[in-house]
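You will see two complexes here that share chain A, one where it goes with chain B and one where it goes with chain C.
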Partner chain A sequence: MTMVPGNWYAVAAEHDVPAGHIYRTALGGNDQAIRELAIWRASDGAVQVWEDRCPHRGVRFSLGEVVGDELRCQYHAWRFAKGGACTFIPAQPDMKVPGSIHAKAWPVAVSAGLIWTGVDPVGEPPVLGEGAAIRAVPVARPLAEVETALAQADLPGLALTLQPLGDTETIVRGLVANGDCAAADRALAALRRQLECVA
Partner chain B sequence: MILYDAHHVAPAYAVRLLAGFLGLPLELQGMDVYPGHDDRSDEFLALNPLGTLPVLVDGDTVFTDWQEILAHLALAHGPDWYPATDPALVGWLGIARDLAASAGAARLMQTFCVPGDLAEAKAQAERLLDEVERRMWFAERAGHGWLLAGTHPTIADIAAFVSIAPCEDGGLSLRDRPALRRWCDRVRFHPGFVPMSGVFPPMANT
Partner chain C sequence: MSTIDPILWNDWHPVAETCTLLSGPPVETVLLGVPLVIAADADGAFHARRTDDVPLHQDERYGLVWVCLGTPERPVLAIPEADEPDRPAVTVGSIRVQTAGPRVIENFLDLGHLGYVHARYLGDDPHTQVLPYKVDALPEGGIIATGCKMFQPQASPAATEGFMVDYVYKVERPLATCLYKANPVHRDRFDVIFLFAQPVSEEESIAHPLLLCLPDGTTAADLRTFQQLIFMQDKPILENQVPKRLPLADGAELPIAADKSSVAYRRWLSKIGMTYGVIPAQARAA
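Coming up: the complex of A and B.
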């Protein structure tokens, strides 16, 4: 199994999404299609996790721009507010935008410095404890293999969680208890080399 | 100053970008690389026997290396962009040249049908992008926003940006290279930014 409906998955760290930036990632695999995600913050700091596709013509939201309290699509500058509702269509400035025009917004939880989402996630995200969010490390192997390798690896002080991207790629995220992100990065880079060499 | 330029050539874009940031007027001499092959004309090869773009003519001096042009313009018009006392500048300009030969070459093969070994170019580019991503992530944690430590962007940022920002045209991806995407935003939002096809400008802030 890779991605399981009902689970929460960490897809970014809080520091990945400074004000005004649109962060881009994806989540999926197994029988769940890959979902491209665009993540940004409204001006009150509320994190938005949206499908990375404008409902107008399907352009990636992550090519767009945060303007004030809204995300503006790069192509025809439609604007979308927190929650996903389209608020303004420049080609029809006098029209009240129909409520049916909506970005697909995903469930969001923020905990332990990480941003979590999922398909119909149940309850709260897993508790990783205290520590600094490490640099996310992508590994070109399926989630199950990465999971097995992590279970066998000696990685003291690291609380890790996995983000599946399709059936061949997994991102390792998590926290390092003592805050030594550089050491954590070296350990995960070694793990990545080991996993990617096994053909 | 005359710049022999082609819109899609990343090293030529680097010069236009620095000129934009410095507010320098350039007289652009547009070259028809394809299908015209202006860069193989006797006239151009007399100016630059290597036949590479861009070429800058400043007074009596002809510059034929894009990084040398960046250095020349920065030294003459914006020394903040050329921190000569920081050895890291040399390292980063080298990485930028390697990026041009890999990510930049992949873009030319994929988008402009230039012949070459696409798989090898992409493999080398992936290694470099991973490393620049890693360094930029730790630079951000240390409070820096640019490739070199400090508060001001340098010609190294420009030299790397022109290969990294349009890398998806070469079949590479910036998805899940978040520090590089944030750094690209910082370059794009720096006053004086000029775009290139494949690199979006910030929209008017309305």
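Coming up: the complex of A and C.
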């Protein structure tokens, strides 16, 4: 199983992305290219999920800088507004920037302390309930295996969701109902050890 | 017969600095996927060999050892300025970069990044406008960009004030480029800076900058240090370009008028049929 078009995937916790910060992650799967993502928050609080690549010369946006409500690429300081439109090119400051110059912005939803995206996601992200967002736990196993293990594990009070990262890499994200993030972290770390030790 | 791009297989590439070989152990390196060892003998002569002992061609120029793995179709790139007696050739070190050689060369030609990646040295905000310049084909192949101008706060170690610097850029071989820029002391003569990208693999290179600067009171060590600083500012950018191979199709990336030399470089590589370290135009959909 891999990233499915139409599905929503949690790719960050809200607390991973304070205002002005760029968070780097990826979404991929067994038979698809890994899509690198740059997740950033404008000064007005809005969260953006973009392909981590400036359309000009391919430099990762995650190397760049949030300036107010815009993201500035580190290479040539081109500025991009929320939604992805390029607004300013310092090498040609008097030029009206053509509409074709555009960062690739992914759909984004913020719900229950998590940031969600996907390829043409349908409807709303899954409802995980109430609680505190746990620390993300990367597991070096394919998504299907992690999913099976989680279904069999006894993890009370945890509502979990999976982010496929590559062929063999999955990130566990979710909420803990009683807010005890440290206990959730210990339980998931134990599960990770168990999964990764099975060769 | 190698299946590697004959354009690079039959050309010369720098693989080691002679000063490093004279003062240290043999250099192990890789060229086009082929492991090499380069050593100096007791008489100060240099010997490059493949670790599988298949013969290769070797030369020594400008403080660098050069190797051709295939059949050389021409000599090592001629640099007339290297014969001017007041220009010592100063190599700057061999700097590994996790990206394709053509990305390294294209970045060297780029004017728009100077005010940001090299802020307070080779440019500065708000003097970041790239004024129109001219790009032409060179008669022997390659491209030349003339009439380039950039305001530079610290154009070189000897510069004591910012000034508008005139540049000429050339690409004479796919992985060899140079620039001519006004010397801060002799403003009517040009310093010459070369950059060679040794293709280690399709997505890794080793940059060999070479300085042919006029005497202006700067020591070779200071020239080296300055150029290494500049290159270290470029390195994180180069290693974060996705994809690592240079895409050659028009529209694969989005150039503007200021990127004229980049467009010309990509089109020239397409025209000569370069395949190594690039994404050829026709393969774009793959």
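Observations
Here is the rule we go by: the second predicted complex is superposed on the first by the 198 of 199 C-alpha atoms of A that agree within 3 Å, B and C clash if a C-alpha of one lies under 4 Å from a C-alpha of the other, contacts with A are read in each partner's own complex, and residues count from 1 in each chain.
The working rule: a residue touches a chain if its C-beta (ideal position, glycine included) is under 8 Å from a C-beta of that chain, and two chains touch if they have at least 3 such contacts.
Since we're looking at a predicted model, the values are computed, not measured.
By the touch criterion defined above, A:Pro18 lies against chain B but remains apart from chain C after alignment on the C-alpha atoms of chain A.
Once chain A of one complex is fitted onto chain A of the other, the partner contacts of A:Ala182 are limited to chain B, with no touch recorded for chain C.
Of the two partner chains, chain B is the only one that A:Ala136 touches; chain C does not reach it.
In the superposition on chain A, contact is made by A:Leu63 with both chain B and chain C.
After overlaying the two complexes on the shared chain, residue contacts for A:Gln74 are found with chain B and with chain C alike. Of the two partner chains placed around the shared chain by superposition, chain B is the only one that A:Ala26 touches, whereas chain C remains out of contact.
Within the superposed three-chain model, A:Met95 lies in touch with chain C and out of touch with chain B [touch as defined at top]. Shared contact residues on chain A (touching chain B in one structure, chain C in the other): 36, 63, 74, 77.
The residues of chain B lying in touch with chain A in their complex are 134, 137-138, 140-141, 174-176, 178, 181-182, 185, 200, 202-203, 205-206. Residue ranges of chain C in contact with chain A, taken from their complex: 111-113, 115-117, 125-126, 128-130, 236-237, 240-243, 247, 253-258. Note for the complex: chain A touches chain B at residues 12, 15-16, 18, 20-21, 23-26, 36, 63, 65, 67, 72, 74, 77, 135-136, 138, 165, 171, 181-182, 185.
Chain A contributes residues 36, 52-53, 55-60, 63, 74-77, 89-93, 95, 100-101 to its touches with chain C in the complex.
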